[in-house]
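Have a look at these structures, which come just after this line.
First chain A sits with chain B, and in the next complex the same chain sits with chain C.
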Partner chain A sequence: MNIVDAVLAHSPALIVAVPLIGAFLTPLVSRLNDKLRNIFVILVLGLTSSLVLLLASDIFTKATQGLPSIHRYVFGSQDLALPVVRILFEVDGMSIFMAIISAILALMAVIYSWAFMKENTGLDKYYTLILLMTAGMLGMELTGDMFNFFVFLEITSISSCALIAFWTHKGEAVDAAFKYIVISAIGALFVLFAVALLYGQYNALNIAVLANAIQYTFLDKIALVLLIVALAMKAGIVPMHMWLPDAYGRAPSSVTLILIGATQASLYGVFRVCFTLYGGVFNSLVITSNTIGWVIATLAIITILMGVTMALRQSDFKRLIAYAAVAEIGYMLLGVGTRLASTYINDYGQITFPAYGATALTGSIFHIMNDALDVGLLFLVAGAIYYATKETSLNRMGGLARNMKYTSIFFIIGLLAVSGMPPMNGFASKLLIYESTYQLNPILAIIAILASIMLLAVFVKVFHSAFMGPALPKFKNVKEVSKSMLIAMGVIAAIIIVFGLFPNLVVENIVRPAADALIQHSSYITHVLGGI
Partner chain B sequence: MIFNIPFIAVVALILIGLYAVVFKRNLIKMVIGITLIESGVNLFLITLGYREGSVAPIYTSSPGGIMSLPVPQALTLTSIVIGVAVLALMLSLVVHIYRHYGTLDARKIGRVEE
Partner chain C sequence: MFTVDTGSGFWNPIIWVSAIVIAFLIMYILRGFGKKEYKEKTGQTQVFLSGNPEYEKEQMHIKASNIYWGFTETLRWVYKVLQKMHTGDVSDYVLWFVIVMAVLFLVVGVI
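Entry: the complex of A and B
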């Protein structure tokens, strides 16, 4: 066994352990030198990202060749006598897909913070919290244990609350953090309650073991509702979205970027619950699956409309983007809803789903990554403008394209991508969602397309009021932002363009295996149970 | 257990906590509500593992007879530790909010004036 194989075999543990150890070393390194600490944090996250990419390449190569690709990592005794009490990490295509997003976002946020946060004090705590949050997100995505999921959920929410309130001199930031911690504390307790309900019935905490044993009793229905409500609350779906614009809009931009990752980790939880934990139930009960699918699709449409219409009337730059982010979450859910609502019983009495159901799921998973990149880029641009001008209101901006030409180019890229214009990546995934929802119900697709056009209108207005127009005298001395921020924005913009130009490559090699991993829930179960 | 009293207590605690979080305007009372929900969930976990007449699950010095299940107790311990961290963070945020706005009324804080 050479060293690459050894690293690969232990990578599920290392992906969580490296940022965790890095987090506790950061205050020590910070004592030595500030620059050294920044380099150290970037190195830690770079190492984490490369581990994620190593594991991802292994999983995706095996998955495209049709080989079993799930990695199982057992913590503690390998002795198989006591299956219940051990913690397992189970990494399939979907988990590693989400882990790639989280790791890349965290790395970009840290590079961006180098210049963006340099005038702040207390940066040792800032970087410690960022690393803790990254460890929490990655743990949520890789774990195969319900209780472990709860623990990582809490790690993520505690550290992200502290980060949202990082600018404590602004009362609004602390208020947003308080809102977020109330939401996430209640959400996490609901998750724990649901886990306890499942544990009380099946005497197991492992997701695969539970998914295998689940009977869909009355208590299971309560647990399902609690899990979906709690995770949807943390993902910012409409009736529970009120914390999201505050938290996204008032946190430092670099933190917002990671916060997108944390939101999507909760969304991953919804996917996992719907398709793996209750996957067997939904696959065998058409009516339940259809009902839940239609509920999710309706919520998604309301989320899209709400996000877009609220974005229209905002004058605060970051708050406006935050409402656009709410709308984008709706698109992802629309795909999931379509997939669940499209199951039917065919002529032979088997329960199956049409091809567009799979397309919908592929589109919505692809859109998770695109949303993270597009909305993330827009937030970084908003942060760059705040950094250069100390201005947040769109009414007091204007003519900035004269001073900040790279930033305005990045904003155009983000604008086109988020509103689903070709040749950006948002177009590729939104087209998949449109064409599949159109086959389920044309009205859904039409509303989704209209909302997308409204999103374009919103951002064209923003572009005009912030970047175009006469040069304002107060912005005469505004300069382009420093290199580290440009690098972070440039890398994300480059990924957006590459994904937009070669969507097939991405869909075939990364997104389809992730969608397959989610659909084939029985292989997830057998792979884990076979080893125990 | 008589009339499932622990489970009734669990539901009562969670509902009272939710009531406090949703309807109370004072931030401290909302924090108290969250702690009540947390106690309810912890009580539920402990009740799940308890059997009547059982002893603590310490294998080396057990007097014999049935033991209660140790896993829910381990889960509860973890949950309590996390709960303390959340509580401390929430209270520190409340302190900051009070310093900034001079009030704890949820209706009066966090408004952005255009």
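Entry: the complex of A and C
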């Protein structure tokens, strides 16, 4: 075994261990030198991202060749017969897809923070919390154990809360953090309760073991509802979204970027519950699958409409983007709802789903990545404007394109991408969702398209208010932001353009294997259980 | 590499970009047929305002709250309902969580 193979074999553990160890070392490094600490944190997250990409390359290569691609990493005894404590990490296409998003967002956030946070004190704690949060998110995405998922959910929530309240001198930040921790604690409590219900019945915590054993009893139904509702609240789905504009709007922009990853990790939980944990149930009970599918699709449409309508009314830059982010979550959920609602019994009496069901899920998963990039870029732009002008209200902005040329270009890229304008990445994923949803129900697709047009109107308003118009005397001395902030925004903008121009490259090599990993429920169970 | 199969259609950004480039070229050519007597920085380009006095440039920038005023005013009743929902009180956030949970319990047949 050469060193690359050895690293690859242990990468599921290393991906979580590296930022976790880095988090505990950061305060020590910080005592030596601030610059050294910043470099150290960037290196830690750079190494984590490299490990994620290495594992992703192996998984996606195998998946596209039709080979078994799930990586299983056992902490503890390999022998299933032994009654010992054992934790499993099960990394399939979907897990690693989410891990790529989290790792990239975290890396960009720390690069951006170099200049953005330089005037703040307590940065040793700030970077420690960022690394802890990253470890938590990655743990949620890679684990194959329900209790472990809960633990990582808690790590993510607590570190997120502290980071939201980082600007403690602003009362609103503390208020937003308090709301966030209340919501997170309640959500996590119900997740724990659901895990206990499943453990009480099946004496197991492993997702594959539970998915194999689940009978859809009365208690299973309760656990299903608790898991979906708690994770949906953490993902910001309407009408449980109200914490999100507070948290996204009040946290430093670099933190908001990682918060997007944390929100999506909860959304990943919803995907895992619907397609893996209860995948067998939904694959065998058409009515249940259709009912849950329609409930999710309805919630998705309400989420989209609510997000867009509220965004149109906002005059605070970051709150406006936060509501747009709520709408974007609705698009992701719409694909999931369409996939579940499209299940039917064919002429041979087999339960199956049409091709558009798979397309909907592919579009939905593709949109997770696009949303993280597009909304993330817009938040970074909002942060850059705050950094340069100390303004957050759009009513007090104007003419900034004259002073901040690169930031303006990045905003235009983000604007077009988030509104689903061709040829940006957001268009490709939204098109997949529109076309598949149209085949389920045209009204859903029409509402989704109209909402996307409204989203464009929302960001045109922002562009006009902040960047266009005459030069305002108070912004006469405003200059373009520092290089580290421009690099972070530039990298994300470049990825948006590449994904927009080469959508099939992304869909075929990354998104489709992730969607297949979710759809092929039985192969997940067979691979994991067969290998222990 | 470029074409995404959407099941009932396809999406190729290169075709779209090419079409946009061609459209811009046509626009540029058409622009060439424009009036030759047009002169920049002359009276031809000055804004003509009648009636109210002209404000300073800085005062003429339309604020974000005023954009789409007609739209938001028409939908005032919708915004009234939405604003009532968004109380900012964390107890209400939890209430919505309980409501959604109750609805889902009904849907899956627990209650």
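Definition applied: the second predicted complex is superposed on the first by the 527 of 532 C-alpha atoms of A that agree within 3 Å, B and C clash if a C-alpha of one lies under 4 Å from a C-alpha of the other, contacts with A are read in each partner's own complex, and residues count from 1 in each chain.
In the analysis below, contacts are C-beta pairs under 8 Å (C-beta built on N, C-alpha and C of every residue); 3 or more make two chains touch, one makes a residue touch a chain.
Bear in mind that the values here come from a model prediction, so they are computed numbers and not experimental data.
Once chain A of one complex is fitted onto chain A of the other, the partner contacts of A:200 are limited to chain B, with no touch recorded for chain C.
After overlaying the two complexes on the shared chain, residue contacts for A:154 are found with chain B alone; chain C is out of touch.
By the touch criterion stated above, A:312 is placed in contact with chain C alone, chain B being left untouched.
When both complexes are overlaid on chain A, the residue A:439 reaches chain C alone and has no touch with chain B.
When both complexes are overlaid on chain A, the residue A:165 reaches chain B alone and has no touch with chain C.
In the superposition on chain A, A:186 makes contact with both chain B and chain C.
Among chain B and chain C, the chain that touches a larger number of residues in chain A is C.
By the document's definition of touching, of the two partners only chain C reaches A:226; chain B does not.
When both complexes are overlaid on chain A, the residue A:178 reaches chain B and chain C alike. On chain A, the surface patch touched by chain B in one complex and by chain C in the other comprises residues 178-179, 182, 186, 246, 315. Across the complex, chain C is touched by residues 178-179, 182-183, 186-187, 218, 221-222, 224-226, 228-229, 232-233, 239-240, 242-243, 246, 288, 291-292, 295, 306, 309-310, 312-313, 315, 355-356, 359, 393-395, 397-399, 422-423, 427-428, 431-432, 435-436, 439, 457, 461-462, 464-465, 469-473, 500-505, 507 of chain A.
Remark: chain A residues 84-85, 147, 150-151, 154, 158, 161-162, 165, 168, 171-172, 174-179, 181-182, 185-186, 188-189, 192-193, 196, 199-200, 205, 246, 315-316 touch chain B in the complex. Contacts from chain B toward chain A in the complex involve residues 14, 18, 21, 27, 30, 34, 37-38, 41, 44-45, 48, 71-72, 75, 78-79, 82, 85-86, 89-90, 93-94, 96-97, 100-101, 109-110, 112, 114.
Every residue of chain C that touches chain A in the complex is listed here, in rising order: 1-9, 11, 13-14, 16-17, 57-58, 60-65, 67-68, 71-72, 75, 78-79, 82, 85-86, 88, 90, 92-94, 96-97, 99-101, 103-105, 107-110.
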